[in-house]
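In the two assemblies presented below, chain A is common to both, partnered first by chain B and then by chain C.
Showing the complex of A and B:
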């Protein structure tokens, strides 16, 4: 029963939403509109569940002073402070704005920007022309690195043209294949879920 | 010898930092030539009639802000100048505050009237499902704007109730373009201009070629090119010289490392 009911519900909802794209039948189309708005409401609740989950994971860690409990304390303190100031004092107040502009914004941007240094260092250490394939990859990478910035066209007017060709022809051809195969896989997985052939989403085994 | 050709990573970091800081202080002024993709997006907007409507979706976090925000600002300045009516929303909670700031810097700065020329819908949950639900009714998904005003009371919603009533979509994303194509282009034939970070650019070329997307603006370069086209150089244009030199240094270091690799190989052969 615990598994049969969710499978029946997912079959009805899945088939209904799929048919809504192809069939003009007023009761079905109206029901599909309602289901789509429910999805938005369910997604909103999932944010609340995620916040509660964070509390459930980190508060016991803080109580027991175990592991990286100080970091958990910082996380929970700032989460609650941000929620409190945002909800009760509005997003324009100074404390909320300081959290946002002074911590979140520069912090996230800095961490992300550090990736450029790591990628550069890894490329320098590993990009070696060890075989024909790696040599081709190396040459294409250098060409695209130049064609994607202004210095490429300053060196030669042919660099952006060649870069464009690599992007529009060999790259697009390979990407098209990837898109078509991944879409087919997506359809297969969706059908398996709708038909109840795959039940991993219920927490069980296939 | 081995150390000379395989420099410590701190040397790479230092060189990169140096070549990025110098042009930011003293720009080299390398000319920015708009690419086909950027021209496609710009020309499409240029050919829209004043009063046409545009929906903006922000789908990236603060981490990608350095790369994507300049694209948003340059594009919104263009849309405001063209007199496009703008509906703006984000599916990333942390970007709701940023979205208000982007609208202040562009539409508000261009003296556009809130509620008539543009509306800040703020955050929406549900990602692709919500975009799908907007196909039925934008008003039902949001109900109110970020200031709590009932959407039905805003003049901008007089002729717009659902996604297909809007002329063009501008989706700025660091997570994926497919949900927008599925829910807006495939279902309603809605034209979409994408703005993505540099790593996502090549993966989205097929959508432009197939006509499922109008164009894809790619990374800081796309932003700098758009700033050039609208004649308002901003942060992306200022960063282009730094990015150019950083790419050049990485290429030179890769070549340097390969020289070392071949010298080592040659020496091992003759031992």
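Showing the complex of A and C:
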């Protein structure tokens, strides 16, 4: 029962939502709208489960004063403060807005900007002519970099044209190939789950 | 009840693919003939991932990215990753190797927790499951990435498995794993993130390989049937592409009209 009922529910809901994309049938279309709105409720429940996990992982760490327990204390304090201010004082409240605009946003932007250095370090490590494939990758990368800066066209008027060709022909072809095969795989993995062939997400045994 | 114009051909293709999948699953159930599946280097390396972590006594880190399971665009990729996670958690439970999974989406965390716990149950060691095995970090992309990087560094992971749906955070995660000298396996279908994963990881599952991974690891003949159906789908798509291109080149738009029927 523990596994059979969810498989039946996922089969009915999966098939219904799939048909909703192709068929004009008022009862089905209305039901699909309702089911999609349930997603919000399910997502809310999963947020509660996730918040509970944070408490279960970090509170024992704080209690035992083990490892990076001070960071756990900061995390739990600010999580509870944010929930408290958001629920009781509203999301327009200055304290709540400060948590968001003064702490979270600058932190996110800072980490995002680090990506430039990570890209550079990954590129330095990768663009080495160790084999035929890596040499081709290196040459294409140099050509594309040159085609995107003014010095490229100053060296030769053909560099931007060649760069454009690489982007529009081999690159676009490969990307479309990926999209087509991935889409087919999307369908089969969805069918595997709708038909109950992949059931790991259901957890335990019957 | 009417079919929506412009989507009739897609609907017929979907029905054909579904029927083909079900028939091939039934055929695989009845036949005993061995199935020859192309080996994927990334999947073969998964055993190395578990082996190295077991030998060194260091944990394995698994991360499915920022994609959520309920999203139409990322859900299938996260599910594909979960199939790999199921196998990984079972192996970790068998060899008493620590597995740490970090999550950004609350829904994918909830599913992953069950998948990991199921792995421990199947291995007969449910008591070894810890809440730390599946950790929710943050819904904010960069906060999540930094949290995962800190856990990877603090726990000095031996292996890093990044299979799921990624955004810009994939480079942060993979570069951190690279700095630690961890063996890394990645998988995604997002063409914008794949180059980053390919250059930073030891092995990568590209596009459909991600979805095949779970099927291959499951060693389940029913699931192999769905893989064969997928291959037939690819052949049909290829024939349509070649025939369509030739017909359009010679001025015949019959295939274009059929596709937009």
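The criterion applied here is as follows: the second predicted complex is superposed on the first by the 177 of 206 C-alpha atoms of A that agree within 3 Å, B and C clash if a C-alpha of one lies under 4 Å from a C-alpha of the other, contacts with A are read in each partner's own complex, and residues count from 1 in each chain.
Please note the rule applied: a contact is a pair of C-beta atoms (placed from the backbone, for glycine too) under 8 Å apart; a residue touches a chain by one contact, two chains touch by 3 or more.
None of these values were measured; they are calculated from a predicted model.
Student: Figure out whether A:47 sits in contact with chain B (first) or chain C (second), or with both, or with neither.
Tutor: Both partners, chain B and chain C.
Student: Does the superposition put A:167 against chain B (first), chain C (second), both, or neither?
Tutor: So A:167 only meets chain B here.
Student: Regarding the shared-chain residue A:116, is it in contact with chain B (first), chain C (second), both, or neither?
Tutor: In the superposition, A:116 contacts chain B only.
Student: Would you sort A:175 into first (chain B), second (chain C), both or neither based on which partner it touches?
Tutor: both
Student: So, A:56: does it touch chain B (first), chain C (second), both, or neither?
Tutor: Second partner only.
Student: Determine, under the contact definition given at the top, whether A:193 touches first (chain B), second (chain C), both, or neither.
Tutor: The answer is second: A:193 touches chain C but not chain B.
Student: Which partner chains sit in contact with A:39 here, chain B, chain C, both or neither? Use first/second/both/neither.
Tutor: both
Student: Taking the superposition as given, does A:148 touch the first partner, chain B, the second, chain C, both, or neither?
Tutor: Once the two structures are laid over each other on A, A:148 reaches chain B alone.
Student: Touch check for A:23: first (chain B), second (chain C), both, or neither?
Tutor: In the superposed model, A:23 contacts chain C only, not chain B.
Student: Could you tell me which stretches of chain A are touched by chain B in one complex and by chain C in the other?
Tutor: 21, 39, 42-43, 46-47, 104, 108, 111-112, 121, 123, 125, 175, 178-179
Student: Of all residues in chain A, which touch chain B in the complex?
Tutor: Result: residues 21, 33, 36-37, 39-40, 42-44, 46-47, 91, 97, 100, 104-105, 108-109, 111-113, 116-117, 120-121, 123-125, 127-130, 138, 142, 145-146, 148-154, 160, 164, 167-168, 171-172, 175-176, 178-179 of chain A touch chain B.
Student: For the complex, which residues does chain A have touching chain C?
Tutor: Chain A reaches chain C through residues 18, 21-25, 39, 42-43, 46-47, 49-51, 53-54, 56-57, 67-68, 104, 107-108, 111-112, 114-115, 118-119, 121-123, 125-126, 175, 178-182, 184-193, 195, 197-198, 200-205.
Student: Which of the residues in chain B come into contact with chain A in the complex?
Tutor: So the residues of chain B in touch with chain A come to 6-7, 9, 12-13, 16-17, 30-33, 35-36, 61-66, 93-94, 96-98, 100, 124-127, 129-130, 132-133, 135-137, 140-141, 187, 198, 201-203, 205-206, 209, 218-219, 221, 224, 240-241, 243-248, 250-251, 253-254, 257-258, 261-262.
Student: Quick one: which bits of chain C touch chain A in the complex? Just the residue numbers, please.
Tutor: Where chain C meets chain A, its residues are 1-4, 7-8, 10-11, 14, 17-18, 21-22, 25, 68, 70, 76, 79-80, 82-83, 85-86, 103, 106-107, 109-111, 113-115, 117-118, 121, 131-132, 134-136, 140-143, 145-146, 150, 154, 168, 171-172, 174-175, 178, 189, 191, 194, 196, 199-200, 206-208, 210-212, 214-215, 218, 220, 222-223, 226-227, 229-230, 233-234, 237, 241.
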